[in-house]
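What follows are several structures.
In what follows, subunit A forms one complex with subunit B and a second complex with subunit C.
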Partner chain A sequence: MATLSKQDIGKILARQGILIAFAFFIIGFTLANGRFLSPDNVMGVIRSSAILGVMALGVTFVVISGNLDLSVGSMMSFSTIVVLDLHDKIGPALAIPAMFAMTLCLGAFIGFLVGYLKLNSLIVTLGMLSAIHGLTLTYSGGQNMDIADKDGTWFDVFGQGTALGIPVPILIFLALAALLGIVLAKTPFGRKVYAVGGNGTAATFSGIKRARTVFLCYLMSAGCVATAGLIQASRSMGSQNTVGQGLELEVLAAVILGGASLLGGSGTIFKTVIGVLILGFIQNGLLLVGLQFYVQFVVTWIIIILAVWLDIAAKRGKLWSNIA
Partner chain B sequence: MQAGKMTPFIKTGAIWAFVVLELIFFSVAGEFLSLSDKAFMDLDNMLLLLKQSAPIGIIAMGMTIIMINGNIDLSVGAIFALAAVILLDSMSWAIFAGLGDWVIPVSWALALLTGVVLGAVNGLIVWKTGVDAFIVTLGSMLGFRGLVFMYNGENPTSELNWTLVDFAEAQFLGLHTATWFLAAVTLVIWYVMTKTVHGRNAYAIGNNREAAVNAGIRVGPHMMINFMIIGFLAALSAVVFYSESGSVNPNDGQLYELWVITAVVLGGTKLTGGAGSIVGTLGGVLAIQLLRKGLGHIGADTETVNLVIGLILIAVLFLDRQLNLKGKEELKT
Partner chain C sequence: MTDQTPALRLEGIVKAFPGVRALDNVSFAVMPGEVHALMGENGAGKSTLMKVLGGIHQPNEGQIIVGEVPTVMTSPLQAKSKGIVFIHQELSLAEELSVAENIYLGELPLKSFGRVDWAKLYAQTNAILEKLKVGFNAKTRVGDLSIANQQMVEIARALTVEAKAVIFDEPTASLTDAEKVVLFDVIADLKSQGVGIIYISHRMEEIFKITDRISVLRDGQYQGTVVTAETDEEGVTQMMIGRKLDLSRAAVTHELGDIALEVRDLSCGKLFENVSFQVRRGEVLGFYGLVGAGRTEIAETLFGLRNPSGGTIHLDGNEIRINSPADAIAMGISLVPEDRKGQGLVLGMNCRDNMTLPQVSDLTAGPFVAEGAEIAIFDQYRDKLDIRTPGWKQTVGNLSGGNQQKIVIGKWLSMHPNVLIVDEPTRGIDVGSKSEIHNLIRELAAQGYAVIVISSEMPEVLHVSDRIVAMYSGKVMRTFTSEEVTEDNLIQAISGITPANKVA
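Let's turn to the complex of A and B:
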């Protein structure tokens, strides 16, 4: 019983491969640079991962429901620009709910197209990536947005503040992760999301409203994006129109790294958080070791491919694909 | 039976009807709104439009094969950039110093080889690991971009060779060099997809992979060849574009994949594979370029282009689905 066969080891490696790789990375980086695991550095990494992380939480819902969301990057630019603009016009207390409402409208529009009209989510969100980018530019006239009076506002609390000694972005990220984790794992809605993504037809036959579930997933994703936009705006107090450009694919990479299948039906919030942290720590570790930021692109590439490969290799029981 | 034969025709026709509609709209609207005296349909303007369509258009031809195959390639923008860096950098390599202008074909060959190799890497991973092409190329989009940065840091790579610039700016029979390349690529890929075994296999695999396997088609090598083709075309696009401009930033080519996919989908190619045409893709490429130029011509902000293209993409998707639903209902009755 105690002896593990070769197959068992293979299975464990495949199942927990990401965590094992993560552990190796941490050990390696710590040996290379003692500062890597210092509380300051760890806090810094989580803090800078918070924006990506908050967005990844929402996208996890969308991916589990069997769809994609490529529009989160440009939607985040939109929220950031809108809240910065409205801050000076109607004050932060009104600007934040107004920005959330506008972002949720965009989410509802995507949810309507993908959920109720059953259009292909990849193309719809690809179209929305472009459309929302255009919307943001039209809104701002192509200008950068800045808050005029940077010292006389409490708006910076979401991005720069600390509470109980912990930076607020981290608190928001963890609180949202806990909340959405419970929603996904413990509520009927969460189970519906898995059912719709796992087998849409079966879900429909068992009385689950597929359209509404998908719609709500996109709404949650938009809510997360608005939160991320708020953190971003509050952290920088000013922004370009392209602040979120390219984030959609990084977010997707984090979610996939966490083990969610693009076919839908699998993945958890906890794993997504791990995926986000892996990306964050690797990026930070490579910088600490003295490598340029772009080396992480190559490392991320290799990690993503290996992670997904091991995952499906474990499922099919052999390493190489069956493709002739 | 008749409906079944008509539908593909309507689908490829639709995008060209849209192109004509755009031409009419911008010509008429231009009369009233344009700030310039020149008509939109001016010959020089149209020639320029064709030339500007070339970088996206050349890659789009490759993406059509990939998508008919049921795959997708998100790494084309990064391949484009890396090929461009190799093209411009290799021209000043010491070992080629004695070649004079003969360095041009050598550099071209090196750049194209880069594209083929990167495509082969994608294809081999898709084939051997069985990981979905979306994820594989999402990863290599990051990875290849990383290679671009590792090559020359964040600095632009520049090399102006006047012989090359003259060649790239030349007009033969009125058409620019880039246009000729687009035309040649379109013709070759069209031939491959409609007249050869490789083309038929591409449709067969996209339609029903299992059936294709049972029919004896070797799916893995086939897909790998397609990834090599799109890698080659992404590099060719870079070669055509950077021969003229002579300077490449490490961020160049970003979001190209999105433009290319938009053009291919507008042209009627299915994401699920098995359906699509090169002629349709050419229409999609021209439609996007017309829209970009036309909106500028009638004085709209360039920002609106993104908005309009995004919404048109969604509208096309919606119409396409309605058409399909209608077709299916007709078959039932």
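Let's turn to the complex of A and C:
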């Protein structure tokens, strides 16, 4: 039994492949550029991953419940634009809750369509990706939003502040990760999310209100998106209408990299955080070794496809399928 | 026959999966011109053995010998090229294509520039069809054929190579009696051509009609091969289950309590109409009928999955309305559904989480799930129901069917229901666990539960029930007491023969 069969190796790769590949990346990047693992750089990576990370936390719930959320990118643009606009009109103290309320309404609408009307989440959120983009442009009249008096407000604390020497976006990301991690792993709601995603019919047969559970997952996702929009707005104090464009796929990539199955029923918040960091470090490493920014897109997508492959390989217990 | 080289021989095949030895040293041989039955309970290893033969699984030990050549199988297609052909229970035909195209799919005869040589294709096909003496030709669209004829196409496909051994997997599952006769003729024909045939079926009648020898698997182990003419159904059954199956009536007699559930004139569209019955605490009420008689639909209505179109439901004398499974569960009505894997369990979840799923919102300490209390519940019902699992962390999907069913039953018992409805309690469960589940149902009644058992197996329903409701086409034909019921009058009732005015 000392030797590993091909199948065993396949399984190990499927379970740990991403971490192994990540280790090679880290070693390679560190050899190529000594700054890669410096505290400054590590902190920088985590900070720049925080927005993506906060969104990925919410999407993790949606994915575990067996659905997709492709609307988070344009929803984040919406939140950012709205909070920047309202900041100058009603002040930050009112702008923030107003923006959260509006974003949660969008989440509730999606949750209603997917949960209660049982529409396909891919179609609904793909449609909402465009619809919310249109909504944002209508709201802003296509103009960029800027805070007029950038020095006379405390609004910059969420994106630029530090506490205990740690950037606030990192603190928000980690605190939210801890909170949602506990919600998912330790509460009845979290258990129901796994049950609904693992086998929705069996969950219904156990008296679980499936529609409500799915609805709440989208609401949580919208809440995370609003938080991400707040960090984004606060960091840049001004924004284009397209600030979140494309993030939905990066978020999904991070969640899948973390090992959540697109079929639902598996994944954890901790793994998603790992997925977010892997994505961040790889993108940063590629920059440090001098690759063009645009190459990142290619590599990111190679990684996503690799992750999907490993996901499927883990399901069937081997890397290759017998059936051609 | 003894001096011949076997058409196909398996020697000491071992196939292990994590935690299970699915095949343990299986050896047997099929002679040319022999029909060799392969029998065994569900989970005995028949499918795994077929997958090993077809190269879908590689054996850990042992070898497959075709004729005199030890052969490593890598795929069903490669097995076919070696002369080992499978006829599956589930057909895999392209309905929109012609018979000829289906038979030669992937290996169509070609002319220059990759054009199909239709003339040659049809000629070849018709030659094969002639051998099979079927009533359709090469150009017929497969979708227009009956299931039986589609199966003939599968067989024809098998005959495009010089088959040494043909494996039939439950071939008669969807055939009418007349169609079976045609199939058996074809098998006899193949046999006379010296092809070795492995015939997998649960149907004793067929086995004794057409096979020469019978090999039996039990729990992955080869139990031996007998000559069909020298044994009988009882002998084979004993080989399959390792002992005689006790299906006598359960001897438990105990006092019945009050009426727990009463249903009056309940209807649900055309699924079932004017159904009335009552079940007392301490009683097992059986529901028997053909598939589609409306039994499962009644259970689903009582569990809040369907809305009744008429009639009333009374629990402990009070009329109740059930709008969702959550309602039903709150009122103490529980359903162990017929599709254990699809409806009963979240297979990827562990044993504990599955068992406590319906009450997870109530098992809390502050905002959190009280995992200690959950484990206590799991331990209690693992011991009570004798669930064999390494521990609560075990993924339910890894358990055997019997243990999975016990998890579902434990899930509801731990909530102390008023009424427990069990739909097909032993479907897909091996014989040993079957009688355990039967005993458990009797015991639950003795403890004062009101139990409704729905079953398509007559021995089962006779074995566990105190009274039996016979259903036909959405209507209650008759309710039998255990003294009144016989196999004959029960069969008549569910076939719609007994007049409805005999309702007890």
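In this text, the second predicted complex is superposed on the first by the 308 of 324 C-alpha atoms of A that agree within 3 Å, B and C clash if a C-alpha of one lies under 4 Å from a C-alpha of the other, contacts with A are read in each partner's own complex, and residues count from 1 in each chain.
Criterion: contacts are C-beta pairs under 8 Å (C-beta built on N, C-alpha and C of every residue); 3 or more make two chains touch, one makes a residue touch a chain.
Being a predicted model, the structure only gives us computed values, none of them experimental.
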Partner, of subunit C and subunit B, that touches more residues belonging to subunit A: B
Touched partner set for A:207, first subunit B, second subunit C, both or neither: second
First (subunit B), second (subunit C), both or neither touched by A:35: neither
Touched partner set for A:199, first subunit B, second subunit C, both or neither: second
First (subunit B), second (subunit C), both or neither touched by A:300: first
Contacts of A:266 with subunit B and subunit C, given as first, second, both or neither: second
Touched partner set for A:191, first subunit B, second subunit C, both or neither: second
Touched partner set for A:150, first subunit B, second subunit C, both or neither: neither
Subunit B/subunit C common contact set on subunit A: 322
Complex interface listing, subunit A residues touching subunit B: 113, 117-120, 122-124, 126-135, 137-138, 142, 245-246, 249, 252-253, 256, 262, 292, 294-302, 304-305, 308-309, 312-313, 316, 320-324
Subunit C-touching residues of subunit A, taken from the complex the two chains share: 182, 186-188, 191-192, 194-195, 198-199, 201-209, 265-266, 322
For the subunit B and subunit A complex, residues of the former touching the latter: 74, 125, 127-132, 134-136, 138-147, 149-150, 153, 213, 217-220, 223, 254-255, 258, 261-262, 265, 271, 301, 303-314, 317-318, 321
Complex contacts: residues of subunit C adjacent to subunit A: 55-56, 75, 303, 305, 324-326, 328-330, 335, 337, 342-349, 353, 357-358, 360-361, 363-364, 367-369, 411
